[in-house]
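We call the chains A, B, C and D, going by the order they appear; numbering starts again at 1 in every chain.
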């Protein structure tokens, strides 16, 4: 349960028995494939989830960046993102454990929709906690969850966003811990969540590693993935961690700036790996955006899916040890990358995902500064970028943010400035 | 180019040379795999499109209908529907032919977005004609096309819907026929379009046939697909046509009623196979919704993708010969099926697709009338339903239409009645 | 055949209007004005709901005509009610021809057309490959079947069309759809050159809007000019402005006369070797 | 250790308030009113931005306190400014303890707490498995570390906690988070039974809101009662209604007295064998 100094189980005592029970189930079903759990999981990922996803050569990006750029197409997973890998795994595990009810929290709604889909598929009741303000901003996702038969519980405490929804879900779990499983959406939280979610997401790198061998006859020189909580990141990295020849890049949301406004308690970015400090949040010791007292700061990113003040403890550890390089891409670069991928490859990425492509442009693009040569060389000749999700969910944000920022490669947005 | 009496090439003389050129290219590249065209196409379908799509056993539907129900998951294709199979094929063919420009028309925007994605991927300029009224109703799709770098040309003539957009695209093609390819979106239009689009979509049934053998050790007893123009239908049927043991069901949009208002020139359905009569439209002789004079009637369906007054000539022929059974499902049944699949299987289908599931319910559901026993028996023990597309594009319509109709299994919609 | 006769005395001026645009009575008056303006043949459009070969101008005329209640049956009444002596050609789409009467083919439509005095057909969505049934019916009732030849029509295709055509060949002046243009395409000259060996009158259409155009086209060797959109524009403007139909008819007659005179002037400037024999 | 002493003379009444809720000065007055009402120990909340173990009532108190400018530094000033003589327990989340001072562990925070006179800690997100560093610092500076025992805490886990705990054990009356309830859970009785063999005071919290509750809990064998949300509700209502802090303090004192008397009444009804030795 520990990754260097990170990780652990910092949770209320009432939850500890449930967490021990979960840990036991994790070891039996996930690590030891008891009752064929992992076979069942993989079969459902294939038939329901649409796996394996392709590792696609991106012709026009390869040309632009003067190297072989391959895309791991998690945007093609059922629901439109890697999120289902984890949600399906956990909901299935809950069924194996005999749980009768699923709860989850969601911010932008991606994890909630993935969980709701998995619960409909596996016929188990599901309640999703979501901040009232997020509900108002993400109505299509709310509607999707309800279509899939989930209850969506509005959280009105505080600012009505993700953090309040997390607290409310913890509360529900603490109350109904005996028959209920809480599906955490990323490689965060108390052990075994960071390890378990990584294992469910590791199918990404497992496939990519095999596909790289099949298609290129060798391992990639670099794997690039965006990092918020870090589930797609750890999924894309896990099977490459032992491959020393493959560099791993976690691209964080640089937001508007890496500067922090301590006074207001606001970090206008979500770059915990780059700028965060050690602390304890949501059950684990990890890198956090916090003020000097240890109060958690409000984070920010143009991508709501990266907008989180912490990061998975294992990823923090891999960055500390130097195995993973943490870099960051700001809002403008991410938006530009969003438009570039849409135009050059016919793939509209999630704004989260766009950050990963922003890094490629930053160091290897035609306008990259001269001093980025070394970073560009480090990327090597064969780069895999994890396309963690598709951008359909972000169309409204893309319109709004593109218009505000005046991204020069964007199409004319005038007719959309009132929204879709 | 003929399917019984149907098909042919009823087009303005100015287009005939282009159609002959296209026919030549179709025979060389598609039928004879010249220059490895089909290999290239299949590789791109795999890597860019995400094929093969799963043939998934639907556990809860199988239980409900007392037979093995399998889903062919075209909703997982890049872009969210089978549409890409054809768009990618035609745009690639245009590249092989040396064309320098792509045009297409779109109604609800699905074919337009698929074409725009394919053109971005293959680096060829693209212009999409779309009725002004459709543009206003389908803004997310318009935005997607623009994000992918396509021009979207509003058509303001007449009512500003699909039929005007088709005319306008024909006009563009007639003017720029030498360097431009017109990507028709379904198995309609003059030869070779109906055959060529079928061949590009046939990958659906080719995969499903192999998967059925692998998973069930035999061919399905029935394949069910919705039918508007008929491209997913022909794609799902093509490789099964010679398999006499497999029944084929084309489910048309019954709309609000099969009765026709001759006076107003309106057929409140899109059931050309069931209620249409022989005529000539958009380049082919086929079954049409027309008044007694031969004027084309305004069609209707809750699903804009099925809302077309004609149908592919080959499908019309297969229905005439009895190989395919044409049935229909009305708006209410389709909406109910939309909610049922979302709730039971965690798959939100396109409203088009929901019609196919509506037929299952109609003859094999718990409330099926006693006299449907024979039809239910005809379906057999192993049924494949083609999930032609996902429903993300239909969320707004689903809200509006569900609320109007008061579908009893729907979630409470009150908070969404103002839209998303 | 009577259509070919219309080319006997010099270049033929062939105007087009959609029957019933914007209403039955006005339309009768407008068509008659065309004859007064010098029409040698008149192409009368029977509107179809999906006019894929037309530009926006004629598409809108079709919409107006349909909204005013035009149908195939009314169209035949319209022809009977018309007081003109020049030959009439019916321009429409194949579905209306195919579906008329017993819905089993073009014969009933052709029979009725012959009955009301129509001399021929132009069917823009019916290429030579699909035209046998209509050709047979036309032969049976003695009507001409006019085909369009596009700038892209060459070789075998041209041959096939020229075997089927009668009355006149409709030479499409440029690629695209119908619609008035401000200049004349070079494509016209090469089309006429390709057709010179065929012994059937060549009438050029698509984009002719003025006497100067007409003159230029006929000078290049055309046996006739076909003008639609420029005339329909006058009808549309009159309709929009609420002008008196008589006034609109006068304007049509005036433009018709200009076009006819342009054609005559063009013919007079032709070098002797390009005269039809 | 001084916390355990507070249980010596009968059942201990342990009220909770968030320091600085809704503002520094009023909060001082409110805490002092609790002592007047009969508090034997006071739990003082140092607000953390992510109070995941709290119910909505205390979560809102935390928000008010943070907005009024409460920080760890201000919290220690607050303790120094307080005029109370009963022992104080600091209730907060581990990150604030961990990050204070040189950011390298809990020692600086504990040292400072000892310095201002705090007697112990309750840290709801710090289970026994992760508590060694804090336990060591507490031992060094002579502070107690209170642990929560939940209804689900059994066997080995319970053993581990009871080895670490000092001062008193916080018996969680029912599953869930903090918050006033209208009835007392049966889970309390079985929790107390499980704990009977351990020789450390058992204070029951979660959901106690009235003198009757307090009486019932103490009668069942509890050595003390912990009451938070019911008191915070009074602060919240006073804040919302704009009431004079003196009036709010009186209300707090009144409820405190009721709770204390309930506890005393419960103790007097206990069968002799359940008395602590």
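Definition applied: a contact is a pair of C-beta atoms (placed from the backbone, for glycine too) under 8 Å apart; a residue touches a chain by one contact, two chains touch by 3 or more.
Going by UniProt, the chains are A, B = Tryptophan synthase beta chain; C, D = Tryptophan synthase alpha chain.
Given the structure is predicted, the values throughout are model-derived calculations rather than measurements.
K.L.:
Taking each chain's centre as the mean position of its Cα atoms, how many Å separate chain B from chain C?
P.N.:
38
K.L.:
Rounded to the nearest whole Å, what is the centre-to-centre distance of chain B and chain D, using the mean of the C-alpha atoms as each centre?
P.N.:
Result: the chain centres lie 65 Å from each other.
K.L.:
Distance from the CA centroid of chain C to that of chain D, rounded to the nearest Å?
P.N.:
About 97 Å separates the centre of chain C from that of chain D.
K.L.:
For chain C, write out the residues touching at least two other chains, lowest number first.
P.N.:
none
K.L.:
Indicate the residues of chain B shared as contacts by at least two other chains.
P.N.:
none
K.L.:
Report the topology of the inter-chain touch graph, choosing from line, ring, star, complete and other.
P.N.:
The chain contacts form an open line.
K.L.:
Mind giving me all the chain pairs that touch?
P.N.:
Contact pairs between chains: A-B, A-D, B-C.
K.L.:
Okay, in this complex, where on chain D does chain A touch?
P.N.:
The contact residues of chain D facing chain A are 48-56, 59-60, 63, 66, 71-73, 93-96, 98-100, 103, 124-127, 129-130, 147-154, 157, 161, 172, 175-177.
K.L.:
What part of chain B is in contact with chain A in the complex they form?
P.N.:
Residues in contact with chain A: 46-48, 50, 53-57, 59-60, 73, 75-76, 78, 80, 116-121, 123, 139-140, 143-144, 146-149, 339, 342-348, 392, 395, 398-399, 411-412, 416, 420.
K.L.:
Can you tell me which positions in chain B touch chain C when the two form their complex?
P.N.:
Of all residues in chain B, those touching chain C are 8-14, 16-18, 20, 157-158, 163-164, 166-167, 170-171, 174-178, 265, 277-283, 288, 290, 292-296.
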